[in-house]
Each structure stands twice: as C-alpha cells, then as structure tokens.
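Handing you a structure now.
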Amino acid sequence: MDKIFANRWLRLAALAVFAVLLIVAPLVSSRFINYQLSMIAVFAVALLGLNIVMGYTGQVSLGQSAFLGLGAYIAAYGVRNEWNLVLVLLLCAIIPAAVGMLVALAAARLRGLALAMITIALPIIGIPLARRFSEFTGGSQGTTVSFLGAPDWSGLANDQWQYYVVLTIAVVAFVLARNLVRGRVGRAFAIVKENESVALAMGVSPYRYKVLAFTISSLLGGVAGFMYLAIVQFTSPETMNFFTSINLVAAMVIGGSASIVGTILGAIYYVLVPVVAGQVNSSRTALISGAILLAVLFLLPRGLVSLPRRMSLLIGGTRRRGASPRDDQNSPDGASTADPGTPETPTAHEERQAR
Amino acid sequence: MSLLELENITASYGHAQALHGVSLSLPAGGAVGILGANGAGKTTTLRAISGMVKTTGRILFEGKDISGLSPDRVARLGIAHVPEGRGSLPQLSVRDNLLVGAYQRRDRKQIAEDIEYCLDLFPNLRERIKSNAAALSGGEQQMLAVARAVMAKPRVMLLDEASLGLAPSTSRRVYEAILRLRREAQLSMIVVEQNAVLAFSVVDHATVLETGKVALTGDKAELMGMDAVRRAYLGG
Amino acid sequence: MMNFQKTTRLSGAVAIAGIAALLISGCTRDAGGTGNGGGAGGGTEASPGITDDSLSLGISSPLSGPTAGPGSCTVAGLYTYLEAKNADGGFEFGDGKTRSVDLTYLDDAYDPAKAVSNFRQLVNEEVFAYVGALGTPTNAAIMPIADEEEVPQVLLITGATAFSEDQAANPWTYGLLPTYYDEGFAFGELLAGAGEPVTVATLAQNDDFGEDYLAGFEAAIEGSDVEVVGSATYEPSDTTLNPQVTELAATQADALLSAVSVTPLQVGVLTRAQSVGWLPRVFLPSNTSTPGTIIEPGAGGAYPALYSTSLTKTPVSPAVAEDEDVIAYNEAFKQYGSTITTTYTPHCVWSYIEGAILEEAFKGMEEPTRDSFMEALKSIQGFEAPLLLDGITVDTTRDDQPAIDGIELVQFNGTGYAPVESY
C-alpha cells in the first residue's frame, strides 16, 4: 500500500510540475514560442478526436482536417457577425458533430477501406465548397478575423491570453475524453475495435459505437477548429487540406495510438518537427520530416509514448534478460479496459500460490 | 413453460436455404443438445436465435417473439452466444476479457466475485490472468470464451462446438466446467456438438439435424438407444 | 499498481518534452517580444535586423508539397540577386553605408498556420523585413500580424488583389505582381479594340481567382461590341472539362477566355475544342501558357491565335540568350540559385526582379529603420528592372496597385511568344 501512495504522490507531483510549466511558460516566452505552444494545444485536441475514432475504436478516418476547417469557418463566421464567443464555441462543437454523425450514420456500416474512402472524400468535397461559398468563407483567399484580444484587467498580451484560452479548452477536452475512454464507453470502443462479433455477443452494437466515436471525433475536430482560429486568426480552404489529415494520422501513430499521453506527444511532434526540420535545412523539410517519421516508427513502433518503457527495457535489458515479455503487451497507458477503480490485488494470486 | 422456443424456423444465406422449419424447445434450467454432421444447420440455428441471420418463423424468449432483433439486443436480453472459433479479444488481457463480458452489468462487487468464480471454474485462466488472450493456448481460449459469456450473467448460453480443435482431455475439462455451470449457476443452455458423448455429458434432451431439418428429437436415453445415433455420433 | 508507475514516468516524459519545446530556440520574452519598439521611439534608433554593415531579410514559401516548384523559385531568384550583389561588394544604402543583405528562408508547405509560425519565428530572429513570399492564403494569414508587429511584408508573389488595393489599411503589406484582374483586363481590351463585333465564351475556375479574371475582362469590354455568348465554370478537382468545352463549342464563339489554372485541364481544353470542330482565338492565363507543357501537348497550333500575358524575358528561351541581363541572370543563378532549385518557373525571374527593386529601395533609405524602408520602397517610379519587358516598369507610388506596372499581351508564334499589336 505504501508503494501505491508513493506512486500516487509522485504522479501528482509530476502533474503539478507540468501544470505549473504550462501556466508559467507563456509569461516568459517569446510570441513565437507561445504560438508553438498554442498550436500544440490546438492540434492535441484535433489528434484527440482522431485517436478516439482510430486509436480507441479502430476505425480509419482520413477526414479530420475537414472538421478542423469546418470548425474554423464556423468560428470565423460567428466572430465576423459578433456572436457571443461561448455560443460560437458551442456551435463549433455541435455543427461538426452533427455533420460527423450524419456521415457516420451512412458510412459506419462499411468497414476498413470503404470507410477510409468516405472519410477521404470529406476534405476533397470540403475544399471546393469552401472556395465556392465565398460570402461565408472568404473564398480561396481565406478570411482573417481579429478576436480574443486580452482584456485590460488581465494585464496580458494577446498571445498570452489566447494561449490560456486554448489551453483551458484543451484541458477540459482532455479530462472529458480521458473519463470517456476509461469508462464504459471506452470499454465498448475497445471491444468494437478488437472484435465486432464479440461486441455483438456482449450486447454492444458496433454500429452505434462507431457512430458515437466518429461523432465525438468530429466534435473535437470542430473545437480544434475554433482554437485554430483563435491562434492563427485566419482560415482558408488550405486548413482542410487532405495532407493535414494524413499528417495528423501520422502524428497520432507517432505519439501513441489509444493513449492520452501519446496524443499530447503526437501534437508536440506534429507542431515541432517542421520547425526543427526548417532549422536544419529549409529546402529539405519534407525529407527530414519523413526521415524522423521512419526513425520513430522503426525504433518505437508503439509510438513516442512507449519511449520510457523501451529505454528501461534497454537499460535493464542486461539485468533482466529472459524476463517474460508478457508484461509489455498491455496497452500503453493501461487505459483500455482495466478498471482503475478496482486495482488488481495481489492477494488472489499469492493465495493460489500458497495453496 | 419453455424459456426459449423455436417455432418452424427457416433461414438462408443468399439463395442457399440453411434451415427448413426447425422447431426446438428449451425449458428453464434445462440443457438441449443439437447434434448433426457438418452443414446440417447446427451453427445456423444458434445464429438464428442470436439474430445474426434473417429468419422466418417465431423465436419466443420468455413468451416474447425476439425474431428480427439485432444481435446486440438479443444479447442484452440475456442470451449469451459463445461462437465457434472462440472469438476472444486478443490484445486484451484475460482479466480485461472477463471484464468485457460483464460490460452490461453495473454491480461492481458481484462482478469481482464472478471473476473469482470463473477463475475457480478454469484454474488455467487464473495462472494467465495478466496475459494477453493472444498468448493463450486453444483450450485456454475456449475456456476464456465460456468464462466471458458467464460474466454476462445470461439466462441462456448458446455454446457452439466448444470441443472443436481441442485435445480430448482438454475438451473433457471444458465440458466438466460447463456441467458445473449448469448445476451451480442454473444456466439454461443449448449445446451444439459433433461429439455426442461430450454433449450428452451435459444435456438431457437433444435434437438431431440433417440438412437443415429436424431428423430426430428425444431425451438422452432414447437417443443413445438408437442405432442410427450411436453409429453416427457415438462412434459405435 | 503497474498503471500508476507507468503514468508517473509518462507524465515526466511529457514534462521533459514541454521543457524541450521551450528551449528549442532558447528565446525568452524579453529578447524577442518587443520588436516593434523602434517605430515609436522615432529618431534614428535602428530597427531590428539592421546593423552598420548588414541587413537580414526573411521569407517563408512552400518548399515542399505540391507548390514546391514555384515556391522554391521565389527563394532561389531572390537569393541569386542578393548573393551576387553581396559578392560584388554589397548594397549601397541611402544613409551612405554599404551593407551585405542575407536571406533566411523557411518552408511553409502552403499551409497558412505554418506560414504564421514561420513569420513569428523570423520576427523573433529579428529579420528586418519579410519579402517576396508566395501564396495567397499564407500571405493573407500573415497580413494582420505584420501590421500589428509593424514588420514590412512586401513584394509578395501572388496575383490576388488583396495585398495592394488598400495600402492605407494595410500599410506594412505590399504586392509585387500585376493581378489576375489585370490579365483579364488586358485580353478584354484587345477584343474591345478589334473594331468589329466579337463573340466570346468564358471558362473560369469556380472561385475568387476565376472571378478576378472575369471581373477584369468584363470591365474592359463594357460598352464595346464584344458579347459574351457562353460561360462555364469548373472545380480545380475536376478531372476533365470536356462537358464544359462541348457546351461552349455550341456557341461557336470567335474567342475563348480559358482562365484554367490547372495544367492538364488546360491541355484538355485545347485538344477538346478542336476535336469538336471549334477553333476560336484562345486566351491562356500566364501560369498555364508555357509552350512546352501546354501548347504542344494540346496541339495549340490548330487555333487561329493563342494569347497570353507576360512581364519578363524568359531566360531559358534561346531567343534572348544574347541579352545582357539574361546572361547575368543565368550566370548568377547557376552559382547561387541552383543550390535551392534547378527547375525553372517564372517565379525565379520575378523574385530576381524583386531583388533589384529592394536594391532600389535601399538606395533611398536614409535611416536604418523599417519606416524609412517602407517610405523608400513606396517612392520608386519608372524603374526599369532587369529582365522586365520593354514598356513594363516598376511604379510603387500608386496606392491601390502592386509594384510592377503594366502587363504585355503576347501571341504564340509557333515556338514562343511575341508582342501582339492588334486583334
């Protein structure tokens, strides 16, 4: 029991340090760094949605950029018409969720590649639509907005204020999503992902949970769109670009599929690797990014989230050589279906051995 | 009154009709076997009950017609299907697989007790509680599939060829556990088997299917006394 | 138990990653955030990015992805001009000093969010000005930030009108190239001046680019004998324009404004129209008029006339190989620009010309400040930059037009383009 408490304190301490870092960082950093930190929060939420539908529920989605763009356009339209920002944020969640649900209702009966193809269609249809309805979207040139300036009482600069806003939204999204995937719904997602006929046998409708996962994913994509607009203050059809979807999928896999921490790592990867590649050689960013992608996938097939365990394996490898590899096959952060409320007690096991 | 009653069920896959008017009755607390050769329609009968194939005719569960319901709704009524080929969740641990079985339940305390019960039923699983299901042997996976169905606390268990591909000693262990389940958990069950000896170790009544039709039906003693049954399914 | 342990380690990893993110360029708020202080102080306090012997410029263009070809050229041409001049002793400034000018370039892959990131990074690294970036959405995203930070965002390589039409509202932003509107206008002018009734069909991309072309064209033909007898639009994602071309062919119009900006689609228009027996005079936009990639594959020789617009000499064309400016460009590009790209697009020449315009602005810059630079940049008139066609000059004093003044309507002569006189 002591050990559990020690670990819990350690965990809380680590979280507290992390929280303090997140809160203090923008006060001492340049606008450029605040922009990067804010973008990490933006794409962390978009990736979180993608991870729910792909990582946790096992359905391929290549259309997340369409929901990001939709959310950004709704936000831009609301801001231009001077709607209440809370209402705008709600619309950025509800409308993409509704669109996502409609698509999923039609598509979720399909599997694998067929579903992937339908999701690919979303950005491909979305971009010409955004260009055509230029009175709503600003057409190809996009639309620039100016909102979420820091209020006077805060004493903050705009970039700092906007960072805190998107950080707050991201934290709320992550806490809700974490509870979701660790609860009954998350367990249902895991069953659907692993074996649809078992899901049916357990009374879990794969269709319904796929639609749910896709709806939540679209909702988070739309919310990320609002956050995107808050930070970039601009959106155009390029936001929906299909390559953004592909890069998001890559970042999700790189960070760690079906993992909350992995989602954050994926967002850090998504935002920072192009910056790092640009520092190395601006003419070769695609090449450098590709090389990093391959290196991570090759060395850490379970994503960045498996790095600590991988390192401890390598370091401890000589000591514990021959130890059973079974323990390593659990899901990365134990989020899948293990019930955190009733941690496995060692007594049952020991009792049996004693017998 | 029977718990589960099949009345004149037909089912087909595309143009190929697999069942031609099968009727069957499972009394509460009873166990009925379905015997027959490959392709006789045994598995299809279970799939018909579970709502996994389109059927005509009536399927009454506690007097209510459940034909046409989707498989997940049938499952939620308390009919647990242990499919042929086991169908475990390979990436999840044994423990998580059992928790998955209890998905529809909210009685946490009872769930923990039931896990203990399943682990007593299948001691092999206790030893592998933390292993991924993928790492289990065929026999252990079959045990896990049965245990997972038990975790759902069903009224009726549909057991499809639990001995398929297992060594004889393993099959016997599985069926011993199934018999215990029937006695201790008052679980009603329909047992599909090619191996009639194993089936008769659990069931009191059986129906023999041939090409989608009921060929024979009777209680254990009757059927075991028939030469035709002995030759076909009892190895002598 | 395992779970808690794991989470502890992972939270630690996230925290470390967060710190790494902060340290990645090691800058703090004090060092970078207040780059716009120079404007307020007045006097001769130098702006960031300029010393007595150097000045730094920044650019973010698509260097990877589908637009990498033109994007790389927007860097390569400018880099060529700057490095050649640096090697020649440097740039002379209006304050009497000579400075070498260096260029920091970043890749944005045509993504507005990355472009903003790059712009902020360049401002953080204290570039004096942001110049010559390619792309309408990317530059549109940066425009308000340039205004807020008071950093010049000038001589942009884009055909959109938005960057130059309201210079009072966006004083720090400025375009380089004539707009799509101007191209459409030039063609309309030609038809309007034909001296006879002309029927015309239009085919344009269904967005604001296409609309710019049509708007320019319609403004030019207003009140003339030119009549639009058919019009069609398309989506950039379309795979064929055969239905549109067949529909327009039914009008048997004398001329076709084919404002198609996708290369294979433009080729398809040329092959389709002649195959259904329609041979109008065709106008091709400047970005889809290259003989080798459009006219030859499209068998354009069949048409009575093919028009396009041009600003510059084409250094890769043998016709101008003996031209003094072309020789200088080709030699310098081989030495400098070819380290960035070896594939020619017109953007290489445009960004080279941009270098010459910057040099002209530096000459007029009397104080080492961004304000002084903007003032000097907006005071250039009648400047004949190298490689510009005769009659096209740089005029930065117009408050609603980009830097290059004039556009030349050209006609295909079997191998290349030559100036067109009349219809």
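Every chain is named by a letter (A, B and C) in the order it is written, and numbering of its residues begins at 1.
Everything below uses one rule, namely that contacts are C-beta pairs under 8 Å (C-beta built on N, C-alpha and C of every residue); 3 or more make two chains touch, one makes a residue touch a chain.
These numbers come from a predicted model, not from an experiment.
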Work out the mean Cα position per chain and let me know which chain is farthest from subunit B. C
Counting C-beta pairs in contact, which two chains come out on top? A-C
Rounded to the nearest Å, the gap between Cα centres of subunit B and subunit C is 71
Which integer distance in Å separates the CA centroid of subunit A from that of subunit B? 41
When centres are defined as mean Cα positions, the distance from subunit A to subunit C in whole Å is 36
Residues of subunit A touching 2+ other chains? 327, 330, 338, 344
Give me the residues of subunit B that touch two or more other chains. none
Contact set on subunit B toward subunit A in their complex: 50, 52, 70-73, 75-76, 80-83, 87-93, 95-96, 99-101, 103-104, 108, 112, 116, 119, 126, 129-132, 134-135, 148-149, 152
If you look only at subunit C, which of its residues touch subunit A in the complex? 1-15, 17-19, 21-22, 24-25, 27-29, 31-33, 63-65, 68, 72, 105-107, 109-114, 116-118, 120-121, 123-124, 136-138, 140-141, 143-145, 160, 162, 206-209, 211, 235-237, 340-341
The residues of subunit A that touch subunit C in their complex are 3-4, 7-8, 10-11, 14-15, 17-18, 21-22, 25, 27-33, 35-37, 39-40, 124, 127-128, 131-132, 134, 139-142, 144, 146, 157, 228, 232-239, 241, 243-244, 261, 264-265, 268, 271-272, 274-279, 282-283, 285-286, 304-305, 307-309, 312, 327, 330, 332-334, 338, 340, 343-344
Note: in the complex, subunit A contacts subunit B through residues 184, 187-188, 190-191, 194-195, 197-205, 208, 326-327, 329-331, 336-339, 341-342, 344, 348-349, 352
